[in-house]
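In what follows, chain A forms one complex with chain B and a second complex with chain C.
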Partner chain A sequence: MASKARSVDPGEAVGIIAAQSIGEPGTQMTMRTFHYAGVAEQVPTGLPRLIELVDARKEPKKPLMDVYIKEELSKSEPKVREIAHGLESTLLSSLATIEEDFAQKLIRIAIDEKTISEEQISLDDIKKKIQKLASVSEGEEKNVFVIKPTKTTSLRNIRRLTNKLRSLHIKGIERISRTMIIRNADGTYRIRTGGSNLAAIMKHPSVISEKTYTNDIQEIERVLGVEAARQSLTNELKQVLDMQNLNVDIRHCMLLADAMTMDGKIKSIGRHGLSGEKAGVLARAAFEETIKHLINAAVHAEEDRLIGVTENIIIGQTVPVGTGLVKLKMKM
Partner chain B sequence: MIVQKMIDRVKFTLFSPEMVRKLSSAKITVPDTYNDDSYPIDGGLVDPRMGVIDPGLKCKTCGGKLRSCPGHFAHIELVRPVVHPEFGKVIYFILKSTCHACKRVLISEKQITELAAMIDADIEGEIKHKRANKCPHCGEKVPEVKYLKPTTFSLDKAQLLPTDVRDWLAAIPNSDLKVIGFDPQYARPEWLVISALLVPPVSVRPSITLDTGDRSEDDLTHKLVDIMRINQRLDANINAGAPQLIIEDLWELVQYHVTTYFNNETANIPPARHRSGRPLKTLSQRLKGKEGRFRYNLSGKRVNFSARTVVSPDPMISIDEVGVPPEVAADLTVPIKVNSWNLEKCKQYVSSTEYPKAEYTIRPDGKRIRVTDQARQEILDSLGVGFTIERQLIDGDIVLFNRQPSLHRISIMCHTVKVLPGRTLRINPVVCPPYNADFDGDEMNMHVIQSEEARVEAEYLMKVHNQIISPRHGHPIIKPQEDYVSGAFFLTNDETEYDRAHACQLLAIAGIYQLPAPDRGGKWSGKLLFSLLLPKDLSMTMKSRLGEQIIIKDGVLLSGSIESKSYENEILEKIIHMHGNDAGRRFIDASTKMALEVVTQTGLSVSLANYSLSPEATKKIEEIQDLMRREIDAAVIQYKNKTLERLPGRTLRESLEEKIMGITSKTRDDGGKVVEKNFGLRNTSIIMAKIGARGSLLNAIQMAAMVGQQAVRSKRVTRGYRKRTLPHFRPSDLGAAARGFVASSFRSGLLPTEYFHHAMGGRESLVNTAIRTARSGYMQRRLINALQDMVVMKDLSVRDSRGVVVQFLFGGDAVDPMKAGIKSTAAAPDTERKEETDV
Partner chain C sequence: MLKPAGQKCSVFLNGRLIGFADNGEATLAELREKRRSGVISHQSNFHYNYKTDELYVNTDSGRARRPYIVVENGQSKLIPSLLEQLKNGEMSWEKLIKLGVVEYLDAEEEEDSLIALRDTDLTSEHTHLEIDPVSIVGVSVSVLPYPEYNSSPRITMACAMSKQSLGTYAMNFNMRTDSRSHIMVYPQQPLVQTRPYSILKFAEHAAGQNFVVAITTARGYNMADALVMNRNAVDRGLGRSVFYKTHETEERRYPGGQRDKFEIPPATTHGYREEKAYRHLGEDGIIIPESNVDSKDVLVGKTSPPRFLEELSVFGVTEERKRENSLAVKGGEGGTVDSVLLAESLSGNKLVKCRIRSIKIPEQGDKFASRHGQKGVIGLLLPQEDMPFTKDGIVPDLIINPHAIPSRMTMGHLLEMLGGKAACYTGKFADATAFNGDKEDEFKKTMKENGLDEFGEEVLYDATTGEPMKAKIYIGVIYYQKLHHLVSNKMHVRSRGPVQLLTHQPTEGRAREGGLRFGEMERDCLIGYGASMLLKERLLEESDKTYELVCDKCGSIAIHDHVKNRDYCALCDSTSLHYVEMSYAFKLLLDEIKSLHIFPRLLLRDKA
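The block that comes next holds the complex of A and B.
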């Protein structure tokens, strides 16, 4: 608890202060994207990233992770490089040429044997993976698989199947597209990956799971739960602002993160999230989608208890914030 | 103000046709407005029973005149009912979830009881999933209901007329309606089909008289005339026994007019247009969006007692003052309650015929009387306790001052009035940062507070000196900048010393009237004079931007020169934490005056000479650039021979660009070193950059040495012609100049090609600024809207308006970011107004 000299005053509109503290510097932020060489280009920073966080997008524009390797391995660059290579997801399209023959209604997959021997993948493994999608009949050569969908299959479905085959995951960790090695300050190495797959990376035997970082908040919520998501939302907000040399107290970021996660799931700031679920009809109507809210309120005979700020401004009464929170009755 | 009645809640419901008829003061029967003598027609759309908008006429319902009659609703009796277009979706949902035969909800009794028991049942989803093909109540097969937006429904390909829809909806039992989320007492679904259309009073849709004397009706009136006209034609056709086809056509036309009356932007419906071709602004358009009723008139309201003009700087007034032009002061008034202590003063105001005078008096019974020459004596005789006088604005009054965009709370602060000659509002330049104001023509608004409670709140919570520390980061936001920093630096320089006359002048201007003993053999050092501004118990050490150690001990500046970091932030912050906000204000007021006097006397300016390099330095710059060109050419050759080292994860081309960008930025940095060395600390531009007063080293480099690499999208310029940026270069030239390196300085002037490249980079940053303002503005609106109800409660938890806990303890530690800098062991800062004892 804070000493009295430093304590907040009851009634303080901390929500508005937090919103202003994060929003006001928005005009000073850059729109530039950041370039992580070799992993992901154009990673949003500054304002676009802030908007991304606040929107609680399903997936960030450029997901990436920082993977820390267990101590004994992390000092050797080749070992780390080897691990990093193992993480990279290999798709069927990078191992084989896939052609579709619409006339005969079949798909021909010609595996490049040189590549798979480099990657140490056996033909059988690939076949097994493909078989999960469609039944395989051997082609003229050993390294060619042919898929013959039934005669009735539409051309569109063949194209769809081809696309699925192209992005068929063969080896490594799914959604991890690229990796690179970064030297830490203490001389050890860590891996930065383009694409994020927290659950799989954390299970990797050589990875320090508790140090693993991803910028995909939604994924953190899925894998580790809201509390983790809340914490990382705070961290990300603070980090975005810090990178722009904008000094914003961490408490504002925490309040925003807490507000976004207070119901046990991440909600965005905006009409589909927090603002759309507010108590007052008038408050919702005054924000966005005015007509929709009024119509639904009428049908369901909704009642606005006038407990929010906007509602009271609309009807011209004292706002329940700050000194307006105090009610005083005087015996006269 | 004593609040006796408060609105507790607002309920939203539907009107039944009966309710509409009950509410109505008149039934509209004529599809017309005014007759030839421009008198409202009875039964027309501006029937005087609805209220009047013409001066002189009286409302036939309440007898009120223009201002006093609030207006009364009327109604139109539609011969054939129509569907309310905005509720089309709702009607579709009900039709889909009920049986066409028995009108029961299409889920079994068992499911109904189950759903009713659930707290948070997703009724809509449940019905969609559990809907049977056969009605669970009557066993009838369920045909498909189709909805053609916005108002047409069909059952098994047969169109449902609005009458059919109404009859269907009317037959649904109340108990079933409750299941699907309706409150039948307030919202029976058949009311969604309109048979009596409510007509808003004329005051809602006033007509305007043009200069020619013609009347121009409001868009809504136009629309209502359309509805009436077709409605009458439909009536006539029905009575004449016209064929069903014609009747249905007309019926549909009524539906169209009603649809556009409610919302002229309905999807799939051509908007109704004015004669001029402009789409009409109907009910929806009036409410919606930024200029709609909600955001324009309800969330933001117009006010009286306000002023707006250009602002200009006045460093001699205190930071919490505002200079008000006499014209403004004479026009704005402050209500003063007359009591036994101020009775005489009030009488003086009333009796005065010039500037500080009373404009109005308000009697205890609430009657407002203007103070005129005729009425003055009479008012003076009756004036007593319980009256209120409205007197003109005078020095010391409390006002709010604001500059848009109001991005944060310190965009509106409370100032004390100081009436000053001139026609601008004046502020101390120190309060520019919170308002983000400058004086290139900025205008600001001033609001005069009208109630005692508001005045007290403004003074305690919004006064400028209480806002010196920003709640955003806990450091000063109101701080001396630019010339003040230069002044303080010159003042506290080691060499600076003053003779008696100068020392006296500097102290006097800062409000110090006692001269201390000289500390430098009959002369006074600048450090000594500056120390007199500091509290006696201030001790701190800090590192300055110049790398010096600044030491303050017991309120005496022992060593180091004050620059921006120490002046703006650290000293000011510490004074406020130790002695409170008002001490901070006094420090700012006094120190800025002294600093300003110092720069004024010293003189601080820049000239072309500031940016003229010596011949040797110029040569050195050329050498650096030559080296750069050679390096770049070498890299390009390597690239063309494919011998360039590839960076991990990059293409060869990207590697080249990366390398060249590195070379060009290094070149500018090297140029910077030359500039810095050549100019040294005697160059005012460099001084200002170093102490953080204004400008940066980069500015000096760009003016004196070279402008440097221009970039578009963080890359060298590539756009323009095929394989080259401008026709002056050879195709595929990847050299420095061809890709936007500006080797000239601003002082020497740019080559035409350089000028183009510079303009390309300049345009990008302009475009970015425009986009950024829009994007960040919307983000902030959303943030504010989402968080505005969150308040710290008495238990220091943060809750929203519903009372839902957001944080159990604000920020985890209940520390106010504004006060976070205070040492937790220290006692609360002394906020009492205690004048510091003069030295």
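The block that comes next holds the complex of A and C.
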């Protein structure tokens, strides 16, 4: 009964109310954002982050993960630090000096043997990785690889290959650029990573996969599916608003997340997403790119069933919301 | 130093490199000495950048410059003997400049100087002395009393508002024909003045009046910056002003030899107004001075030739029917015709200028402000018999709310009230020049000498009960300005009224008797509330509702043939038509879509 009493009335304009409830404190956030202009931020919070979420960007500006370590290891800081170090992606450019020789049209890779022994990487491993990109011929010395591009030898291609080699991933987990150890409230440690790679981290043997967190919603959708994306979208929205001390009911965030994920993929709010896919021609034309929508509708002989709010306002009828929803079943 | 040692100092004249000096600082000192001794023009300024070792000499136009007293070795060059000569009128400003006692600095040279605000602050480090501490503020602030006692945002507001105050903007206002002008009827000079105020001779065209003000609540009618004003004081002329508005029209000439004519338009004129509108016109069609006109009354009757020459009548004869084109008072205005001027326009046409005057007596909604950013609108005009009074029978002209003070920190307002009160007893103007004004203690002394509370608080008696009020009330005399935001020029209501030709929606703005827009966000609120019927009323019934005939065969909008008195669909000739209620804007949208070569059809169905 209690849940029944709290349920929303039929015809309640939940969308508008959610929009107003998030939008009104949002105006305050705008003012504060400009107020804080110039203060360095590690991760976008507040309005920039909110916009990022609502726009459903392909990748957040600063992707990050929180990695929780299995209990027996998580209590010891050195062990966690060791795991964290193992996660960090090592690129070829940090192990070797890569030089282009445009005269002889070759690339010379001189591996720093001291560094690789510290990192416990063998020359063979590196060689194997490089071979995936290009064929390697041994240089004069043991630690020097020479690459002679065969197919195209234009300077541009050499430069392109060099850049690829520089960012060649050798060890650790791809896209994880750096790690940080954070002490939890219960005395255990967790790892905060810069860069996100959910699939690889979750496979790591010492990681509690179900507790792993990333702020990259699109990646969650790819790895764990749209339901997980929906939940984390809700959490992120609520968290952004809470951080600014804006008291917005979580159900508004839930509705927003539901609307963004309702057809199985993440849609943004705006022209390229939700508003651009509204059912009615008039509603779409009223939003943005009026002429485009009208002409497309004409080409496809579209019919507007006048089911939305906007359409009915345009033609001057009662809107199907609240008191406009109820109809007389029988005329006496 | 940003350049290698041994390199010479670059010298720039008006921004162009002209040469080098061995020692920049020595050259600077020499130049300065020569300017002070009159060898070089006193209009030149020098600036030395020790970081880059560059010397700038500026003699070009357009540099903002300010005068200072020259200080040498911690001693002002304006020595007592010179001051004595100044007092006796034996010394002139030009001579002081020539003597090198006073010099003008520009923004760049100011950077190299250390300027003392007062002569008591002088040390051996100082290079100049401010002539007076007030000179650090501009003209607008310099006439404000005690600005150093107020918070800076309030000073900014006070400056902005004193520019809106009513006074005497020109001494010959009575002979001028400004399209709008507003004159205060009985302006007074403030009891609390500043020295720049008298230098500017502001008292000769003052813009305000000295009000007796009490700071207390008044039946809730002065909450949130409202003011309670003494009705009897208003009746005696407090805060009264005259608003002049000049209308003009000319007899235009048109190609083809036709011209306008000033006359009382004959009743046959196209667009003839009701007879009443012309009642004040003389034989020549021009209004008689001192007649009281109402809104929409005609000031100058004028007829123009028809706009299109070939206006054929039913009988096929071209009928010369003149067009009514009179000059009339706008809606919501009115007053007395102050003067009528006959003249000739630039193009040689007969020109009439007609000035309307209306007396603006303070009423609920008119705006007043003190010179401390304390503004308010009248909330109530209270009869004198209902106003509180002191034991001496002093009744305030104005009651402001105590809540206006603490958060705004306008201590200058309180001090001016005390100063004004003291001035009333001493008969001398109080000096409130920034940084150097009369001190609170002097006013306190005056209060004591006159048997008053030294803090300016007095027992007020509640006029309705005769009982003394429980707290002592701060009461004093302060200068108030009437600002030209008057309700009578702003008030606007509409229930029904004109609509736009294109959209059939209500017009916008007070001048067009327009409606208030029920905008997008307001619309969102009604949707959020679920008030569907109310939303329809706002957006349709009270706006551009129409009934259009729609053909149920092809879905287009049908037409009515007036000649045959028949409704039919112009596209498919069907007569199976239905009236459909819709917004005119939607009908317009359909037309516009058609202009894009898209054919929109309306599918009709019975309403459930």
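Basically, the second predicted complex is superposed on the first by the 309 of 332 C-alpha atoms of A that agree within 3 Å, B and C clash if a C-alpha of one lies under 4 Å from a C-alpha of the other, contacts with A are read in each partner's own complex, and residues count from 1 in each chain.
In this section, a residue touches a chain if its C-beta (ideal position, glycine included) is under 8 Å from a C-beta of that chain, and two chains touch if they have at least 3 such contacts.
Just so you know, these numbers come straight off a predicted model, no measurement behind them.
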(message) Touch test for A:314: chain B only (first), chain C only (second), both, or neither?
(response) both
(request) Return first, second, both or neither, reflecting whether A:50 touches chain B, chain C, both chains, or no partner chain. (result) first
(request) May I ask you to decide whether A:8 touches chain B, chain C, both, or neither, giving the answer as first, second, both or neither? (result) first
(request) Determine, under the contact definition given at the top, whether A:328 touches first (chain B), second (chain C), both, or neither. (result) second
(request) Kindly classify A:20 by the partners it touches after superposition: chain B alone (first), chain C alone (second), both, or neither? (result) both
(request) With both structures superposed, pick whichever of chain B and chain C touches the larger number of chain A residues. (result) B
(request) Show which residues of chain A both chain B and chain C reach, each in its own complex. (result) 11-13, 16-17, 19-20, 291, 294-295, 297-298, 303, 309, 313-318, 320-323, 325
(message) For a test of understanding, state which residues of chain A touch chain B in their complex under the given definition.
(response) 1-27, 29-33, 35, 37-39, 47, 50-51, 54, 178, 180, 247-252, 254-256, 258-259, 262, 269-270, 273-275, 278-282, 285-287, 290-291, 294-295, 297-311, 313-318, 320-323, 325
(message) Under the stated contact criterion, what part of chain A meets chain C in this complex?
(response) 11-13, 16-17, 19-20, 291, 294-295, 297-298, 303, 309, 313-325, 327-328
(message) Per the contact definition, I'd like the list of chain C residues that touch chain A in the complex.
(response) 523-525, 527-533, 535-536, 539-540, 545, 581-583, 585-586, 589, 593, 596, 598-599, 603, 608
(request) Going by the contact rule at the top, pick out the chain B residues touching chain A in the complex. (result) 3, 6-14, 86-87, 90, 181-183, 185-187, 192, 263, 284, 287-289, 292, 294-295, 298-299, 301, 407-409, 457, 461, 471-475, 647-650, 714, 768, 771-773, 775-777, 779-780, 782-794, 796, 798, 800-802, 804-807, 809-817, 819-820, 822, 824-829
